[in-house]
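Letters are used for the chains, namely A, B and C, taken in the order the chains are written, and counting of residues starts over at 1 for each.
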Amino acid sequence: MVSRYEQGNSPSSPEKINGNFVGKDILSLDQFDMQSLVHLFEVTETMKDIAVNARPSDVLRGNIVTLLFYEPSSRTRGSFDAACKQLGGETIVVENPQQFSSVAKGESFNDTIRTFEAYSDVIVLRHPQTGSAQKAADAVQIPVINAGDGGQGEHPTQALLDLLTIKEARGSLEGMTGVIAGDLLYGRTTKSLIRGLALYPGNTLYLLSPQELKLPEKDLQDFSSRGIKLVEIDSEDAIPKDADFWYWTRVQKERFENPQDYERVKNRFIVTPDILSRFGGKNTILMHPLPRVGEITEDVDKDQRAVYLRSQIRNGMYIRMALLGLVLGRISLPPQGQSQE
Amino acid sequence: MVSRYEQGNSPSSPEKINGNFVGKDILSLDQFDMQSLVHLFEVTETMKDIAVNARPSDVLRGNIVTLLFYEPSSRTRGSFDAACKQLGGETIVVENPQQFSSVAKGESFNDTIRTFEAYSDVIVLRHPQTGSAQKAADAVQIPVINAGDGGQGEHPTQALLDLLTIKEARGSLEGMTGVIAGDLLYGRTTKSLIRGLALYPGNTLYLLSPQELKLPEKDLQDFSSRGIKLVEIDSEDAIPKDADFWYWTRVQKERFENPQDYERVKNRFIVTPDILSRFGGKNTILMHPLPRVGEITEDVDKDQRAVYLRSQIRNGMYIRMALLGLVLGRISLPPQGQSQE
Amino acid sequence: MVSRYEQGNSPSSPEKINGNFVGKDILSLDQFDMQSLVHLFEVTETMKDIAVNARPSDVLRGNIVTLLFYEPSSRTRGSFDAACKQLGGETIVVENPQQFSSVAKGESFNDTIRTFEAYSDVIVLRHPQTGSAQKAADAVQIPVINAGDGGQGEHPTQALLDLLTIKEARGSLEGMTGVIAGDLLYGRTTKSLIRGLALYPGNTLYLLSPQELKLPEKDLQDFSSRGIKLVEIDSEDAIPKDADFWYWTRVQKERFENPQDYERVKNRFIVTPDILSRFGGKNTILMHPLPRVGEITEDVDKDQRAVYLRSQIRNGMYIRMALLGLVLGRISLPPQGQSQE
């Protein structure tokens, strides 16, 4: 949105939301301040009502959303696809354009993006290369929503749904105590979540990861300087009693060059019913961005504190509904001052 | 539907319809009794009117159906896709999830199914493994419709459309004389059709297949014990005059380990205009579940008795429309006692 | 449409539009006379209003369009997909059926086409084999729209959008002076455009191509005999001042057996800002059917005369909206005599 493409094609930073979503790209969690999150979560409540009750909606009637996925992800694509259709909008789904048609013939990324700009009102982009979403946003006049751009990139809707899930379950995003476990070195979602929680006062996070997958020192310093308290721990024994949430993540095999390195660390921290009962509190919710491949055993699923297959997935769809409606100006924000978190 | 997943994950049997489709899974033809079929076929008539006249419908407005096809089948997927959209509903299409994204990363079948549960009101599942549809139904709270689960599994909507086609053309499903030809050993559709016809009194089926592809003895006994009369024959000469229907099937190359075995039997029984005129009756309809690869020559197509490219395909869409509307409780059944077959 | 299939399966020619689109196939530019184009372009104006303003439309409500793409083309498929959905219709998307399902099992083209006929009101077909669209049209009763059938085939909607783009920008399709550059030997779009412009009086086209890719002599004679003036030129220096349009095309690598031959000619004629300023006029529009891979440098894009990433793509969607609405009889043509070009 707001094409800088014709003004020299230099990379730009995404515009801050500042309480006004209309026409904005959604590229990074850094665009959001607390007030914008409050607004977003309020709108999301309305979206939830539409989806849960299969209520016919005309919010996006007449709108077309292109889901342009250079990296197929049935989970994220399905969530955006459903989000759009829940609101009466339509989607154009394009998966793996690089294998087919024009892109395979050598077409530039810009030309492809501008083609789908002509067909639709929003582009949702998933791309393996970090920075692609910003590049797309610079090329077109319509809003671009980042659905994940590379290992070092962002996936802002994931972070937003994680925040919403904590807020819903624990009543607030301030003064929280949480555990983030697994891959803190490569993990995109964990870093975004930390950044999001750093917007709110009084939060403390315990970071539990294998030595090989610890949060890089510069990130640790950067995040800490934002006012969030980060505590590195080495074992489940150090988990504080009655944490508000545990956020477990998958160790991503695809990040390791050496399979043996992966094998050594992949099962270092696993949530079982026993671990949960020993170290979790009565109201500790257990989250996971999914997919999981063993970090949480299946017999944990039936525990009501395990929200990863319940509210967490659903909140992703509600958040995406809200964002689509907001950037297209089809949902009004509540009057300022009225909303209280 | 009615998750048994949290009660120990033991396999279960699908619930009988018993005249009430709301919230039910559609996994097997064995869920249907005669009265439920009568109801279903009545509703299907209304569906036909909507589709034939491209009548805008709001029956499924606000509903989302996930079409989760681990084995792509453009025919069956297209039929469900169209069925849903004919009624104003929307679909999320996921083909080959095992090649992409989360499933490729090692996600369990249960997690995938529960993800799409969060996005939609019904899951239509096609899967190469027998029993998958039941497994899916056990994992989620929303209805699951089986669109084919493996070579030994079921494909209930195919059997339902076959029954409807016979009923429409011959006016009844009782007292029918039919011929079922081709692969009776591996064929999933033929067995389902026999089971369906066994629900009605007075039916006789002539089974015509190569020696290598005969109906297994135990199936022959099982089906016969249900009251249907089965007669094995070896050649077209033994086809009874004026049969109500012929049901021809493809010999499935993919079932044979040895290509020579396939070559020897594949063209044993072929319907040509000559065969049809010599052994068929004036009102004998000729059916085929499709695809065909030579079992019926193309010059038969123009014969009005050949319904495979006509009502049989269309009836599939109407049946699927009816089922979607019924399991979602968006179509009311006629009051009991009123409907007469 | 109007199945000749049952009358002996002989190939046929597409029916002329003659001012009445209802139920017609759209297979070739040769079906259109001037009056039909006038009508089509008028309707397209209305379509543009719906799309530009994201105006909810019920024009195709209740209709289903199958997009059957044997050769995936995200650009053309996306355009038809969006066109249908802009008008409130729904699509069934089938890509690469030959790799999956029934077609892979040996099903005939006719059977596949007739299957999707049963699910939908129109079939949009893309197929690598020349003549496929006519073959499809002969097999079914519903309209078939040709979205490109092979290198020697047609792609009529591309030619229609090109004509519309010239008409919009230059106010007329008569008395035009244009340049067509690049691959005139294999290029499908260039030949269709010449045929289209030959319908109107007073047009002159300058043909600029490498020696190896000149328009075949028989085409040159054929087109010239229709009354259009064709002038072959060898270099940009021969481009007439103040041409109404330049139509640049990609040299298609996939047409060359020998990569060296391709390398030698591919960059023979490239539009740069310098070339455009030296040989183009103030109102010369620069067109390209896309994708491009270097024939026009990216720094030309910002020139307002460059319409390939602007109106040309968009006009494709509007034209397809109009055609879908017209062949389905859901849009009325303006009363005869009222419309003036």
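Operating definition for what follows: contacts are C-beta pairs under 8 Å (C-beta built on N, C-alpha and C of every residue); 3 or more make two chains touch, one makes a residue touch a chain.
Remember, it's a predicted structure, so these values are computed and weren't measured experimentally.
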{"item": "Category of the chain touch graph - line, ring, star, complete, other", "value": "complete"}
{"item": "Classification of the chain A:chain B interface as same or different, half of numbers criterion", "value": "different"}
{"item": "Between chain A and chain B, centroid-to-centroid distance (C-alpha), Å", "value": "40"}
{"item": "Chain B, residues touching no fewer than two other chains", "value": "93"}
{"item": "Footprint of chain C on chain A - complex, ascending", "value": "5-6, 58, 61-64, 66, 90, 92-94, 97, 100-103, 105-108, 110-112, 114-116, 118-121"}
{"item": "Interface residues, chain C side, partner chain A - complex", "value": "54-57, 72-75, 78-79, 81-82, 85-86, 93, 95, 250, 253-254, 290-294, 298, 301-302, 309, 313-314, 317"}
